[in-house]
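The structure follows.
As written, the chain order gives the labels A, B, C, D, E and F, with residue 1 at the start of each chain.
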Amino acid sequence: MSKLTHLDADGRARMVDVGDKAVTSRRAEARGELVCAPATLELVRTGKTPKGSVLATAELAGVMAAKRTADLIPLCHTLALSKVAVEIAMDEALPGFAVRATVRSEGRTGVEMEALTAVSVACLTLFDMLKAVDKGMAIGAIRVTAKEGGQSGSWSSE
Amino acid sequence: MSKLTHLDADGRARMVDVGDKAVTSRRAEARGELVCAPATLELVRTGKTPKGSVLATAELAGVMAAKRTADLIPLCHTLALSKVAVEIAMDEALPGFAVRATVRSEGRTGVEMEALTAVSVACLTLFDMLKAVDKGMAIGAIRVTAKEGGQSGSWSSE
Amino acid sequence: MSKLTHLDADGRARMVDVGDKAVTSRRAEARGELVCAPATLELVRTGKTPKGSVLATAELAGVMAAKRTADLIPLCHTLALSKVAVEIAMDEALPGFAVRATVRSEGRTGVEMEALTAVSVACLTLFDMLKAVDKGMAIGAIRVTAKEGGQSGSWSSE
Amino acid sequence: MSKLTHLDADGRARMVDVGDKAVTSRRAEARGELVCAPATLELVRTGKTPKGSVLATAELAGVMAAKRTADLIPLCHTLALSKVAVEIAMDEALPGFAVRATVRSEGRTGVEMEALTAVSVACLTLFDMLKAVDKGMAIGAIRVTAKEGGQSGSWSSE
Amino acid sequence: MSKLTHLDADGRARMVDVGDKAVTSRRAEARGELVCAPATLELVRTGKTPKGSVLATAELAGVMAAKRTADLIPLCHTLALSKVAVEIAMDEALPGFAVRATVRSEGRTGVEMEALTAVSVACLTLFDMLKAVDKGMAIGAIRVTAKEGGQSGSWSSE
Amino acid sequence: MSKLTHLDADGRARMVDVGDKAVTSRRAEARGELVCAPATLELVRTGKTPKGSVLATAELAGVMAAKRTADLIPLCHTLALSKVAVEIAMDEALPGFAVRATVRSEGRTGVEMEALTAVSVACLTLFDMLKAVDKGMAIGAIRVTAKEGGQSGSWSSE
C-alpha cells in the first residue's frame, strides 16, 4: 500500500525532504467552478456594472493566493513561481463560472497545490462579490487537470 | 435587479463601507468535501499511520486560514474572530472527507467568507497530504449552510 | 518643541499607547501620482489592451495593502477598517496617473497611514505594470489631503 | 508600439512567465524622499531624542518590506534576495530625508520593484513617526536610479 | 482536574469561543533573556559599531512580531493591540541581554501570548545579529511576569 | 575582534550580501524546552484528551513558523527550505516538553535561524495551549545543536 509522504514513521506530520530531488521545470493546471443561479450569472453578464471587474478581481486574487500557498498549506514547500495565470469564463451550462489556473516553477517539487490554491481563492472571491445577491452558490469540481515535470512525469486528466 | 455591493457606480471594485452598521454577534457555518478513491479513505482509516494526524493537520490549517481571510479575499474586511472551529469526518458514502467550519465574531460584517475560507483550506490541506497516493481527488460542495446575526437575520440551508 | 510620539524618553522606538483614547469614527484621504512619458499614458488609454486592467489591478493592490499597513509600518496599530476605496484617474497634464485613497475606521487611532499605504502600493503596482515600456517614471506627491475624527478634529489640505 | 507585458492578448492581468529566462546576478537601486518643514528636520537632528531611532526604524522597515514585495505587488514574482540595504540621509536643501535602497538577487527577474518598495515603505515609516509634528509632509521622487543584470543590461539614471 | 481549553470534548484543537466574554482593558508583561559569552556582550557594549543598532533592531522586531501573534500561534485570537513596548538591557551578570515586553489591549482575551511572542522574536533577532561571533548562545527564561484584566484579574510573578 | 556582520561601517543594520556565496546543502538542528509543573505534564500524558493534539498542534506551528522566519527576523534572508521537521517529547525529568527542529535548505545561507524560530514558536504554542492550567511555565534552553554546510563547515554542540 502506498505510503502517506507527509507522515513520518510515527505518524507525525512533516514537510517531505526534497533536498535531494533534481531542479526541473514543473507545470500544473487546476480547474474549479462556482455554480450560481442563472440570474446571478446574468447580472454579471448584462448588468450595468462592467462584467470585467468581477472576473478581474477574482483572477487577481487567485494569482496572489498562489504565491502564498506555503503560508496556507502547512506542509507545502516555499517555491519561487515563474508563472501564474488564472482565467475565469462565464458558463451558462453550469450555470456559473469556470476557473482555470496554470502555474510554472523551476524547482524541486510540483506546483499542483499552488494551482489548486489559485483556483480556490478565485472561487472564494467570486463568492464574496456575488453573495449579496445569491445565498445558494456552491464552489466545486476543484481538481488537478494536468501536471508536467518531476519524477512522475506528465499527466493529464483528459 | 439586485446591486453588486462590491462594485461602485463606475463598476470599480471596492470594499463596502460598513462603518455605519451595528456591531452584532455574527455566526456562520460552511461545509465542503474532498472526494477521493475508496482506497485512499481506507488508507487514512486503517493504515499504520495514525489517522488523527491527517485530519488534525487539515483542521488546524482551516482554523489558521480563517484568521487570514482578509489577506486572501481582496474586498473582505479585517475582523476579530471570537471563535473558529473546523471538524473533518470520514464519510464512506462519498467516499471522502466531510468538512464543517463554524465561525463567530462580534462585528459589523458577516463571517461567511471566513467559514468558507476555513473549509477551502482544510480541503486543500487534505488534498496535499493525500495527493501522493491519489491523483484524481476533487474538492467540492463548498457552501454556506447557516448564518446568524446582522441585518439579514438568521438563515439555514436545511 | 513638539514631542516625537513614537520615541520614549530614552529615544527608543515604541508603539504609542492608544488604550485610553476614545473609539470614534475616523476618516482619511490621501493622494499621490505616477508621472510617466506621454506615450506611456497614451498606451494605456488607446492601446489594444483594455485600459481597465491596468487601473483595476493597481486599485485592488491599493485596497489590499491598506489592510496590511500594520504589517509594514513598524509602529502602526492594527485596525479594523470599515472602508477602503482607491481611485486612479489618467491625467494628461501630469502626464500620468492620479491616485486617491479614502479609508474609514471606527477606532482609537487615525487612518492616514492606511490611506498613504494604499496610495503608495497602487503607484508601485502601476509602475510594475508599465516599467517594461517606460524606465523613467517617478512616484510623487504622496500626502494626506483630508482627515476627520479623533482628538485633532477635521483637517483638509484644500 | 510597446507591449504591456503584464496583460495577455485579452487584456487580462497576468504574471509574466520567466521560467525560460536565465538566472543572472541582478542589482537595482532606487531613491526617494520625504519633504518636511525645516523645523521637523531640525527636531530630528537636534532634539533630545537620539536621531538614530527615527532613521534606523525607517531603514529597517524598508529592508523588511523589500522581502514582502511579491505579497504587495500582485504580479511580482517571489524572489530570494541576496542583499537589501536602505540608507536615509537628512538633507537640509530639500528640506527632508533622502532615501536610497539597493537590492541584489540571483534570479530570473529584475529587482527594481523590491528597491522601490523598500524606498516607499521607508518613506511611509518616516511619515508615521513624524506626522504628529508635521501634517504637511509629502513623499516624492521615488524612481529607479540604477539597474544591472538581465537581458536589458546595465542602466543608470545619472 | 483542570480542562485544556484549546481541546474540545473529542480532543480536537480549537480556538476557544470568547464571544461572550466582556471587553476589558488587558495588560501583560513578559520577560526573557539571551545568554552569551562575556566577549559578545563586550563587543556590543564597547565595539566601534554603535550598540544602539543591535538593541534597536531587536526591539523593533519584537514589536512587529507582537502584532503577528495570531498568524504564528494557531489557536490565538486576532487582537487589536493598543500598545506594544519592548526594552532590551545589557546585563553583565547573565552575561547577556534581558528582554522585557509590555502589551495592552482592549478586548476579550488576554495578551500574554503577544508579550511572549515579542520577547521570543526579540531574542531570536539578537541571536541572528550576534551568531557570527558566538555560536554557543542560548535563549531562555521566557515567561509571563505580570497580567492585568479579564476574569482572572491581576497577577504578578514577583 | 570579530565583526558584527549585520552592521555596516556606520553601524547601520543591513542584510548581509550573500550573492557571491556558493549554493550548498545546509542543515541545522535547534533545541529548546518548555518547563511546566509536574501536574501539567501529567494532564497531557494521562488526561482524557488525547495527548497527540497538544503536541501535534505545536509541532505543526513550528513547521509553519520556520517558513516565515524572514518575515519575523528583520535581517534574515528569504530561503526555500527543502525540509522542516519538529519533534516534541514529554520529559518528566524537566518536567516539561523537549522540542527539536531540523531544517534543510539548498542555498547561500545557513538555516540556524529557521530551526530556532521553529523551536521558539512550537514552545509558544505549547504555552498557549497549557496556560489555562499553569501560569508559571517558562520557555528556555533554545540553542543551535548542530549545523552542516557552508563556509564554516559542520559543527555540533555535543
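In this text, contacts are C-beta pairs under 8 Å (C-beta built on N, C-alpha and C of every residue); 3 or more make two chains touch, one makes a residue touch a chain.
For each chain, UniProt lists the protein as follows: A, B, C, D, E, F = Cyclic pyranopterin monophosphate synthase.
Please read these numbers as outputs of a predicted model, since none were measured by experiment.
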Where the contacts of subunit B and subunit D overlap, which chains show up? A, C, E, F
Distance-wise, how many Å sit between the C-alpha centres of subunit C and subunit D, to the nearest whole number? 15
Distance between chain centroids, defined by C-alpha means - subunit A, subunit F (Å): 31
With chain centres taken as the means of their Cα atoms, state the distance from subunit A to subunit E in Å. 37
Two or more other chains in contact with one residue: find those residues in subunit E. 12-13, 50, 52-53, 56-57, 60, 64, 68, 71, 74-75, 78-80
Touching pairs of chains, which are they? A-B, A-C, A-D, A-F, B-C, B-E, B-F, C-D, C-E, D-E, D-F, E-F
Would you mind writing out the residues of subunit A in touch with subunit B in their complex? 1-7, 11-13, 32, 43-44, 47-50, 52-54, 56-57, 60-61, 64-65, 68, 71-76, 112-113, 116-117, 120-121, 123-125, 127-133, 135-144, 147, 155, 157
Complex contact set, residues of subunit E against subunit C: 25, 56, 59-60, 63-64, 67-68, 78-85, 87, 104-106
Going by the contact rule set out above, which residues of subunit C touch subunit A in the complex? 50, 52-53, 56-57, 60, 64
Could you pull out which subunit B residues touch subunit C in their complex? 8, 12-19, 70-71, 74-75, 77-80, 107-108
